[in-house]
Structures are given as C-alpha cells and as structure tokens.
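Labels run A, B, C and D following the written order; every chain starts at residue 1.
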Amino acid sequence: MSQKLKVTVWNEYRHEKENEKVRAAYPQGIHTAIGEGINGDVEVTYATLDDPEHGLSEEVLNNTDVLIWWGHKAHGEVQDEIVARVQKRVWQGMGLIVLHSGHFSKVFKTLMGTSCDLKWREADEKERLWVVAPGHPIVEGIGEYIQLEEEEMYGEHFDIPQPDELVMVSWFEGGEVFRSGCTFHRGNGKIFYFRPGHETYPTYYNPQIRRVISNAVHWAAPTKREVPYYGNHKPLETIQPKVKA
Amino acid sequence: MSQKLKVTVWNEYRHEKENEKVRAAYPQGIHTAIGEGINGDVEVTYATLDDPEHGLSEEVLNNTDVLIWWGHKAHGEVQDEIVARVQKRVWQGMGLIVLHSGHFSKVFKTLMGTSCDLKWREADEKERLWVVAPGHPIVEGIGEYIQLEEEEMYGEHFDIPQPDELVMVSWFEGGEVFRSGCTFHRGNGKIFYFRPGHETYPTYYNPQIRRVISNAVHWAAPTKREVPYYGNHKPLETIQPKVKA
Amino acid sequence: MSQKLKVTVWNEYRHEKENEKVRAAYPQGIHTAIGEGINGDVEVTYATLDDPEHGLSEEVLNNTDVLIWWGHKAHGEVQDEIVARVQKRVWQGMGLIVLHSGHFSKVFKTLMGTSCDLKWREADEKERLWVVAPGHPIVEGIGEYIQLEEEEMYGEHFDIPQPDELVMVSWFEGGEVFRSGCTFHRGNGKIFYFRPGHETYPTYYNPQIRRVISNAVHWAAPTKREVPYYGNHKPLETIQPKVKA
Amino acid sequence: MSQKLKVTVWNEYRHEKENEKVRAAYPQGIHTAIGEGINGDVEVTYATLDDPEHGLSEEVLNNTDVLIWWGHKAHGEVQDEIVARVQKRVWQGMGLIVLHSGHFSKVFKTLMGTSCDLKWREADEKERLWVVAPGHPIVEGIGEYIQLEEEEMYGEHFDIPQPDELVMVSWFEGGEVFRSGCTFHRGNGKIFYFRPGHETYPTYYNPQIRRVISNAVHWAAPTKREVPYYGNHKPLETIQPKVKA
C-alpha cells in the first residue's frame, strides 16, 4: 500500500495559453514546473480551471494530502461550490500551499477572512527573500536569503491576519518589503503562503524556490488523528444540582 | 465636539420575545443589559435583527467605532449583504466584540475563515474563567478568575484560528475547558471573542463580565490613521534595467 | 552511517534514590521510563545531575539532537556554566523538551525570560488534557483528550511568554486550568513544554503521554541548515553617498 | 493626586561625552532628546549609567510606569543586580521600551532568552520602516512608512523570539530587511523593541519616530490589577478520594 504523500497542483492555466511570453517561460504550464520541482516520496497530479469541476471533484480532494494553488486573472471564474469544498477539506486536515497571485484567490480570501490586498508593480526588479525563522522546517537547506534577479513586486501592507509563523520577508529593489513566507492553521489543516512566482519569470525552476515548496509540502502533510467531535456533549463529571432562588 | 466612543450593540432579539424565561432574565432585551454595563466615555445605541437592514445601515456602521454582536437562533436570517458590510467596516478599523453564541454568526465565521464549531451543553453548570494574560488591558480590574454559578458549557476543540492573544480560559464543572477570551485582528480592525452569556442566565448583569466587556470596547477602539493604499505602486527607488539574455 | 535522531534524557535522579514511593513508581529512574517510551528511529542516552558535568559535556551536547529535561528538587545544584551550554546548543538548533517540574529549572527560566511560576497542589486529583491545536504533529494519534486519574495540579497563571503554539490545555478536578502543551522557538531551536509527570505517579508509562513525548521529539529535531551569520555585514547593493549639510 | 504616567528614560550617556560628533547631535544627551519627544500626560525623569545604582534604585523603579532603555558600548558595565531588578519590575507590570543598540543590553537579552544578535553596518544609508500592523495603537498617526535618510543598518536574522505582534519592518538601501517594531509580554509587563536611533544621527528629533515612542509609552502602561498568586493552592472544588490499588 502506497505511503506516498498525494499532492495536487492546481493551476488556472490561462496565461500560458494566451500569452506567448508566459508560454515561453512555462511551455507545459506553471503547474508542471511546480510539480516537477517537488522532492521526496510524493505522488503529484494536476488540475486546472477548465477541467470539469476545475479538476477538484470530491474524489480528487478526498485523495489529496496537500493542494498547491496558482491562479491570477480568472479568480472570479472559480465556482463558489468548489471554493467551499476546498475550504472544508482544509478544515479536515488537507494542507494548502498558496503561491504568488493566489493571494487574491477566493480560496485564500475565504480562509483568511481578510481582503488579502497588497501593493504590486511589474518592473523586472530584484527580490531578496530573507529567512527570519531560521529553525523552521520550511527553510531546511536554504541559505540566509534567496535572491531572484527579476520578479514582480508585492508590497506592504499585505492585508492578512498575523501569520502563525513568519518565515521569510522580502526586500525589493524599488523600496518595499513584504511578508513572503507565512504559515496559518485553519481547522486541522496547515496553510503556507509563498510570494514568488510571477508568470513571466522562470521562478519555479529556481532550485531554492523549489526546495522551499518541497519543504512546505512535507510540513503541510495532514496530521493523522480523528477529526474532533462537535455538537452536544454529555458531561464527563457529575454536575451538582443548583439551588434555584 | 463629542469625543465619545460610539458603540452599537446588536442583538438578534428573538429569544426575549418568544421565551418567558429569557424575558424574565432580560426584560428589555439582552442588548440593553449589555449596553447599560459599558463604562467610560461612550455613546451606546442599539440595533436588532428585525430592524430595517438589521439596524446596520451604511450610515449606522460608518458612525460605529465598536460593534457588539449577540445572536443565536436566527444566524441564517442575517442577510449576506449586511455581513459583507460589517466585514468591510472591520477591515477599515471598526472594533468588533462577539459574544457567546455569536461564535456561529455569519459575521464571525466570515472573519475567521473556520467553522467556529465547538461542543456545548445546557446543564446549569459552574464556569470559572481563568486569566492567562495578566497584563492585558481587557482584564484590568479583574481578579484571577471570574466564577459564574450557572452557564451553558462550551468545550474544546473550538474551531478558530490560533488567537493573536489568548486572554482567558474556562474551566467547566462537567469536565471541559474552553478558550473563552480571544483577540484577533482583521485588516485595521480589532476583534474580541468573549464566551459567556447564555440567554437564560443573568450573566450580563455580573459586574466582572461587564468590566471585561467595557475594557474590550476601549481596547477595540479604532486606531486613528489613514487606511493603507492598495494596488499598483510606483517605485520609491531607482530600479536598474536588467540585461536580457 | 546512522541517521537516527540522537536523544539525551536528563534526569535530576534524586527522588528515586531518596523516596521509596518514587522508587516504586520508577525503579530504574524517571529517565529510563521516559527514554523507553520514545518511538521511531532514535538513539536514546541518559544523563543525570550527579554525573560529571551533569552528564552534559560539550561532546555530549554536540551529539544531542533533542534533549529532554526532568528536574525538581535540586534545580539550584545545576551549574550556571552547564545552563549556559544548554542554552547555546538550543540557539544552535538542538531541540528541548521540558517536562513537568522542569518549568522551574534554570534552563527553562533562562530560555523563557520569565519567572515560570505557577499554582500547584498534590492531591491525587484527576487531570484531563484537552487538545486545542488538532492539526499539530505533536498530537498525532492522540484523541480529543488524555485523562490521568491522579496527578499533581498545576494552575494558571503560568508565568511564561505567550507560547508560539498552544497545543493542550488541562482541566483539573479541583477547579483550575493550565496551558499544558506549549511550543516556543529560541534561536534555531524548538522547545516543547509538557506538563504531566509528577514523580509519585506512573504517568510516564501512559501510552498517550509516551506518544506525545515521542511526537515532540520528532517535531523538535534540528532543521538542517547553516546557522545565520551575525556581525558586520557588507552591503549587497550600492549605497548612494549622502550630501552633508 | 497625579494620574500622570511616570516615564524613566535610561541612557548609557557615554558616547555624548566622548565623541564630538555625537555631542553635536545630542548636546544634552540622547535621553533628553527622547524624553522631550514624549507626548501626553506624562512625567519624564532621567537615569544614566554613571548615576549611583545606574539611577535605577528600588525607589525609582517602583515609581516608574514605563522605562525606556538606550545603551550601546557599555552594556557590560550594567550590574547584574540592577538587571535582575529591572526584570522583576517588568514581571510586576512595568512597561519597557528598548531602543536601537539596546537590543544587546543585558536587560533585553535576559528578558528574551535569546542572543539578540543581528547583522549591522554603519554606512549613512537610507532606512524605510513599513507598517505591517495597521491597526496597532503604536502606529496611530503614522503613515504607511517612516523614511530616515541616514541610519545604521540592522539586518536579519535578528535573534529574538517570534514577537507577539510585528508592527514594523525595515527596508535598507544596502539590501537587508529587519523586524523593526516588535512587541513582547513578560509576566505582567509589556515590552516594545524599536530599531532606529544610532547615536550619530538626529533620529530622535524626527517627529514620526517621536510619535511611535510616545504611542509605545502609552501602550506599555501597566494594567491595573492584582499580580497573580503563585504557589500552593487549595482546591476550589471537592476532590474525590481515589481507590488505591
């Protein structure tokens, strides 16, 4: 019986079809570049927006340990029913890794409860992601920082709840900073938001970026235990009758 | 010019009309008992589910510094449009205090991103709320614990994100514990969840409970500053042209 | 080459020698009962207060991935030099699990920066440890709560910094609550404080307690990466000369 | 009877005496520039390293609501006894604001439990402190960022525990980032670490920097309540006798 971690990489997969520059960067789609970069004992499958049910049927999600999400220009086309399904699976324990422009996906916004808005700029500028949580398993094997010669800028204020753990902070050439690696927990599920990955740059081929995503996949693996019981609960101890006035 | 903090107490206001026992406990409604207990330089107004727009028009919310929420049996009747309006005002900086069964309100669930589910039991049992954050302004003037002779039980697991600050933890006679006083931040707004206050018990007349709610109102007051800018952002520093391969 | 995780269990080892009741509970010492309960691919060694350098030479600590600490009546006899050595190794990445009365050890107090004081009572009373972080790897395989029929009581306020993650909260028969499972990070090292384990009760034979400690050992394993550089740092970007007034 | 908040500004006060450039920037000492910038209903007094007991007698500390700390080159001369006295007062509820090079003071290191080390560089470079917690009272009246044309650089990894709240993050011209505004709680006391303020720059005359320090003073004011009881505690509920095997 397989003990492999089951990873589903979800991609909107529109830019690659419509824009030559993006297609040149990711000829098999961003999802493929992400999936090929995941190390360890994993089984990777793919799902995209234009698949039936966006590729995220109940069966697919029930067989997913960790879901990776990349979306950008078609957030509005993701059906609310599928969003609710993903949210519920996270609550049950499925890990979720939200990449780059996925900050504005319905899935992420619904799980955060905030607008998830930010500043942005496309200017081929340098980004340097500094590690601020040096003992976190997500940065195993990573140096003091990851440098990307060209990326889109995302700047603060990033409208998210305070992360449970802040793992990386970005410096941008144009003068901004950004909380680039953030963990959250929702229900039984672990969530990691990771900033880099604009569609026109080869970011997902970068070995350090791939290492962070791989580490995050293993960190976000479901914890094996019973989902808690909710609802009416019989007392575990004797409750004394109270004298009514 | 008035510098009073503007507090709106929102109550579902159904139990009091339909159930004699609740009416006996709160003849003028739970909202009135809550509002009368708030100390300091505040101006308290009331809003209920059956008011037009649930009493929460744009104008009312724009003039509210801190909103208090009590609801239970009619969460489903709160219109989604009003929920979105409250959420947006929290993001802009309005404080929000969610009481007791409000844990299951659309407003709270939307802001948390979790199910907000829990264990519960109505058994006239003793609750003791222990202070675990002794320096927090929300427990100013409060002893080591608040004891309530009869309350509904809420038990863990309480399905919320990890609170930014955990202020109080409840002990229940029947054997459970509960994270009873929890702060969260969403956008520019501060949120406090406070557990006690089942409709059949006189909890909101208890001086220590009133003190906590009063403290929380002042803690949750909006911070006076410009809401951050979001969107496309011009560089603050010169970005070097990159050499293309 | 061995990839086993190297665990050192440190025990004060005085109660067992001096008190018949404790010796009856732990004939080979508390450390042995703890060590025998650790699952997985680990290599366990032991160290005690009366060993030379308390069994914690530079060599021993440099070969320790995770250190477990049980002490109680002789905290004052632990040499400050050894405390500083342990603290430094935690900063470098060694995991640390502090058990029960270890809350008052020099090692724990030094790493927390607080008094680590609490309420306590020896009254053969029931403890129920409720899981409040259901997705945390430290509670893998653990039910909704662990029940111990007889334990010493520890009650709030427990004077620690707010934990990075609160994993378990205890209910006590006598009316108190306690934050019983808490994670912290110091430097590159991970720390877990776990409450149960008074010397007169057979707590460390309990399979659920052993499971939590085993899970914690694996969670606290060092992250493999270079320790950050500190000190004077050359600029990574060109700094413009400033015009002096 | 005075209700003014009692603020003591502590300064090492050596650079100003020994270095002409620093004396030119702060002719009355850094402490005076800090103290004069504090707004609101406060009573400011000063203490320096070369005063008897460093100006921090039991009486002075017992009459201090909030202590501000600036030190740099003579951390080692601060007596351990005075450090322990300050730590104890923080535990009792006194607020503490640690500025700039105070990161390496005994007082801060003792309260943090970490090395508090960092990267640094003196290169007259630009710093931009971005607000990442927009609703925090410490940034009331502050814009999206504070820009300082010339400052010393401090860079990550900054070896502190994860802050309870991260309020500001700095961007540096030379390519680094830094967690510049951080809150912590120890015992009943609130702590704010604020990065800027190298002795050769006029940072403490900057109105925005002064505003942050003023806000922090009011945020760190002691919460008025009894300090918790610690030690042996009688049960609040009846404990059932256990049947011994």
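Following the convention adopted for this analysis, contacts are C-beta pairs under 8 Å (C-beta built on N, C-alpha and C of every residue); 3 or more make two chains touch, one makes a residue touch a chain.
Here's who's who by UniProt: A, B, C, D = Trehalose utilization protein ThuA.
Please read all numbers here as calculations on a predicted model, not as lab measurements.
**Q** If we look at chain B and chain C, which chains touch each of them?
**A** A, D
**Q** Hey, what chains does chain A share as contacts with chain D?
**A** B, C
**Q** Can you check whether chain A and chain B touch via the same residue numbers (shared by over half) or via different ones?
**A** Looking at both copies, the contact residues mostly coincide.
**Q** From chain A, which chain is the farthest off, judged by mean CA positions?
**A** Relative to chain A, the chain whose C-alpha centre sits farthest away is D.
**Q** Quick check: superposing chain C onto chain D on C-alpha atoms, how many degrees is the rotation, to the nearest 5?
**A** About 180 degrees of rotation relates the two copies.
**Q** How many angstrom lie between the centres of chain A and chain B, each centre taken as the mean Cα position?
**A** Once rounded, the distance between the two centres reads 29 Å.
**Q** Using mean CA coordinates as chain centres, what's the chain A-chain C distance in Å?
**A** Computed from C-alpha means, the inter-chain centre distance equals 31 Å.
**Q** Mark out which residues of chain B touch at least two other chains, giving numbers and ranges.
**A** Each of 128, 131, 133-134, 144, 155-157, 162, 164-165, 173, 175-176, 185, 187, 228-229, 236-237 in chain B touches at least two other chains.
**Q** Which of the residues in chain B end up touching chain A in this complex?
**A** Its residues touching chain A are 87, 91, 110-115, 117-121, 123-126, 149-150, 153, 155-157, 159, 161-162, 164, 173-176, 184-187, 228-237, 239-242.
**Q** For chain A, which residues count as touching chain C in their complex?
**A** Against chain C, chain A makes touches at 93, 128, 131, 133-137, 139-144, 164-165, 173, 185, 187-190, 222-229, 236-237.
**Q** Could you pull out which chain D residues touch chain A in their complex?
**A** Residues of chain D touching chain A: 128, 130-134, 144, 155-158, 162, 165-166, 169-172, 175-177, 179.
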